[in-house]
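Consider the two complexes below, in which chain A is the common component and chain B and chain C are the respective partners.
On to the complex of A and B.
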């Protein structure tokens, strides 16, 4: 992840729900209440870059409890139990982009912050399953006047991408889009070469 | 500005390398030996079969000075056999590459290209393996199968033992079968720890085509598992550290 990676920057801007662990004076405007201090226990959605800092840093005060962190954070709605259960049931049926355009990026950042072993397993499974579906669509999309005898969908033409395929492709998050582009470029280059053999 | 080319070889580069493959030709005219950078070509005397690099064979073919003998694996029965193997016998794996030749015929055309290890096994890698000559084994796809087959079909279609259209459609089937296999092979990465993808028997052109995708999938799986991996390492290190400290303490005890 480089400094100039636009996807990393956008992932940083994703909001996650946080709960403040202490009173903060003059920050009330975050809670639409500019005249008062921010109370302990207020729930606010903060961008990931800020929440990360506040969660890691601790107040330093109070030797007996070792200093507590400014906020506690929960998993964002994109990674909520509903979504994870849906992914477990059928990874292909979930439009990840509706949850977050940087779904996997957000998920990896959250897993860095807290230990979510089960989430990691589910995500790996869905990423891999969706990847082979992506490759199928990439190959079909690049097919043109194709030879589709071997295609396991038996669609026979590009029409196989049709309604459900488009739906699926619209639901890809940024990682998967990049994967789709790579698979598509490979297939396209292969096709171009295949057509150019005669001319050499 | 990033380099516009993706990592790895492009299709035309792979096809260019494949032109180093040796093929068998039946010359129609006499041609003296030519000194090439890679060594001398054998002098051509009409009825005698000789082995030439693919690019030279194609050149002679275009000038009608030679006919190319297609490699045995390009015969329709061999291709059907391979398709059967890929679809019925072992639908998960790619058909195996040709076995290493144990007895290697002295290669006059390219001296110094024969490399053996101590067991006498041929250690040469694809362009130097003579896997596209008339002596090659049927039923095994060599590394450069798609490139050589396409080149031969495009320029020497009339030299095929069978109708070129039949060979072409069988090749198309094979390409599709193997592409589908390549897609589904990513699911091997599903399990934690045991995530291995076997690419044994995959050809150079298929690698060029799917390199971006497969690397993308592997990288994605790595990034998803990065946090769990870091945790595991940390735990291991902590465990190790504690052991070290205990040992130190026991050493101190001994000292006292």
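On to the complex of A and C.
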């Protein structure tokens, strides 16, 4: 992940639910209330770039509350139990994009911040299952012309993908979209090269 | 309610769109100015917040102030990253376009052929574009970006100049034929070839050596036929 990576920066803008652990007079604006102090226990959704450091930073209080930080945070709705259960049931049936355009990026960042072993397992399995489905659609989409007799219906980029396939592809998160594009372009380039070889 | 960093995010969304475009969209002068203003405002806040402490600020005794300072600092850092990423995305694109042979006149979107087109002179177009761009015509580039393109073009020309028998920015496709048919889409003046001068007037057609006109095809003056 590079400092200049646009997708990483946009992932950093994803918001997670946070709870303030102290009163801050000057930060009322974060809670839509610039004239009032921010009270302990206020729940606000903060972008990752802000929440991460506030959660990690130590207030430097005395020894008795040594580990206390400015905020506590929870997992965002995109990684809620409902979503995890749905992914366990059938990873291909969940439109990840509706949860977050940077679903995996967000999940990775959250797992860096808190220890979520089970979540990691579910996500890994989800990605693998979905990746092979993505590869399948990418091959179909790129290889439409010529050799596959039955595949020629429909025009445009989603050649022969079909309605359910389109629905699945719409639900890809940003990382999966990149994977799809790579698989699609790779198949196409391979095919073009093979045709070029035949002609000479 | 808008919060610090929102404008920077808008800038990065622009950059994201830019990545998938072939041409460079207009420079977001206003947005860039707003984000830098935000950084200056935040910096002023931090300075005035720290002033009463006379350099002996103890975070553990003033936790609320420490928290506000951290939020301000993080907002500034975020804005910096957004600004840098936005500009870097654009300069990456500009470098790519310069390698493809676009010159400043094409990039500023005022591309009219007026002399300076003779021959495939490396970087000639880039340096001659300097005069034309000062006219205040609507350009998609900021003045700094125009300067960047000019200097990068000079740099590339100097680099290419080390090899006279190979064109580094030429096509990587091996040609099937040495000679090709081309049609002239825009008047491009006279070019010198090994076989004499050719006057490229609009809608005329020529049988020419591919190497002589490659750059003109890339710039859209000629269309390859067949």
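Criterion: the second predicted complex is superposed on the first by the 184 of 200 C-alpha atoms of A that agree within 3 Å, B and C clash if a C-alpha of one lies under 4 Å from a C-alpha of the other, contacts with A are read in each partner's own complex, and residues count from 1 in each chain.
Note that a residue touches a chain if its C-beta (ideal position, glycine included) is under 8 Å from a C-beta of that chain, and two chains touch if they have at least 3 such contacts.
For clarity, every value in this text was computed on a predicted model and none was experimentally measured.
> For A:131 in the superposed arrangement: first (chain B), second (chain C), both or neither?
The answer is first: A:131 touches chain B but not chain C.
> Can A:4 be said to touch chain B (first), chain C (second), both, or neither?
Second partner only, chain C.
> Would you mind checking which one, chain B or chain C, touches more residues on chain A?
If we count touched residues of chain A for both partners, the winner is B.
> With both complexes overlaid on chain A, does A:123 touch chain B (first), chain C (second), both or neither?
Once the two structures are laid over each other on A, A:123 reaches chain B alone.
> Determine, under the contact definition given at the top, whether A:23 touches first (chain B), second (chain C), both, or neither.
The second partner, chain C, only.
> Looking at the overlay, does A:190 come into contact with chain B only (first), chain C only (second), both, or neither?
first
> Contacts for A:13 in the overlay, against chain B (first) and chain C (second): which applies, first, second, both or neither?
second
> Taking the complex as given, what residues does chain A use to touch chain B?
Against chain B, chain A makes touches at 104, 107-108, 111-112, 115-117, 120-121, 123-125, 127-129, 131-132, 135-136, 138-139, 147-152, 175, 178-179, 182-183, 185-187, 189-190, 192-194, 196-198, 200.
> What residues on chain B touch chain A, complex-wise?
Touch residues, chain B against chain A: 6, 10-12, 15, 150-151, 154, 172-173, 175-177, 179-180, 182-184, 186-187, 189-190, 192, 205, 208-213, 215-217, 220-221, 223-228, 230-231.
> Would you tell me which residues of chain C are touching chain A in their complex?
1, 3, 5, 9, 12-13, 15-16, 19, 49, 59-60, 63-68, 70-71, 74-75, 77-78, 81-82, 84-85, 88-89
> Given the complex with chain C, which residues does chain A contribute to the contact?
Residues 3-7, 9-10, 12-13, 22-27, 29-30, 32, 47, 49-50, 53-54, 57, 59-62, 70.
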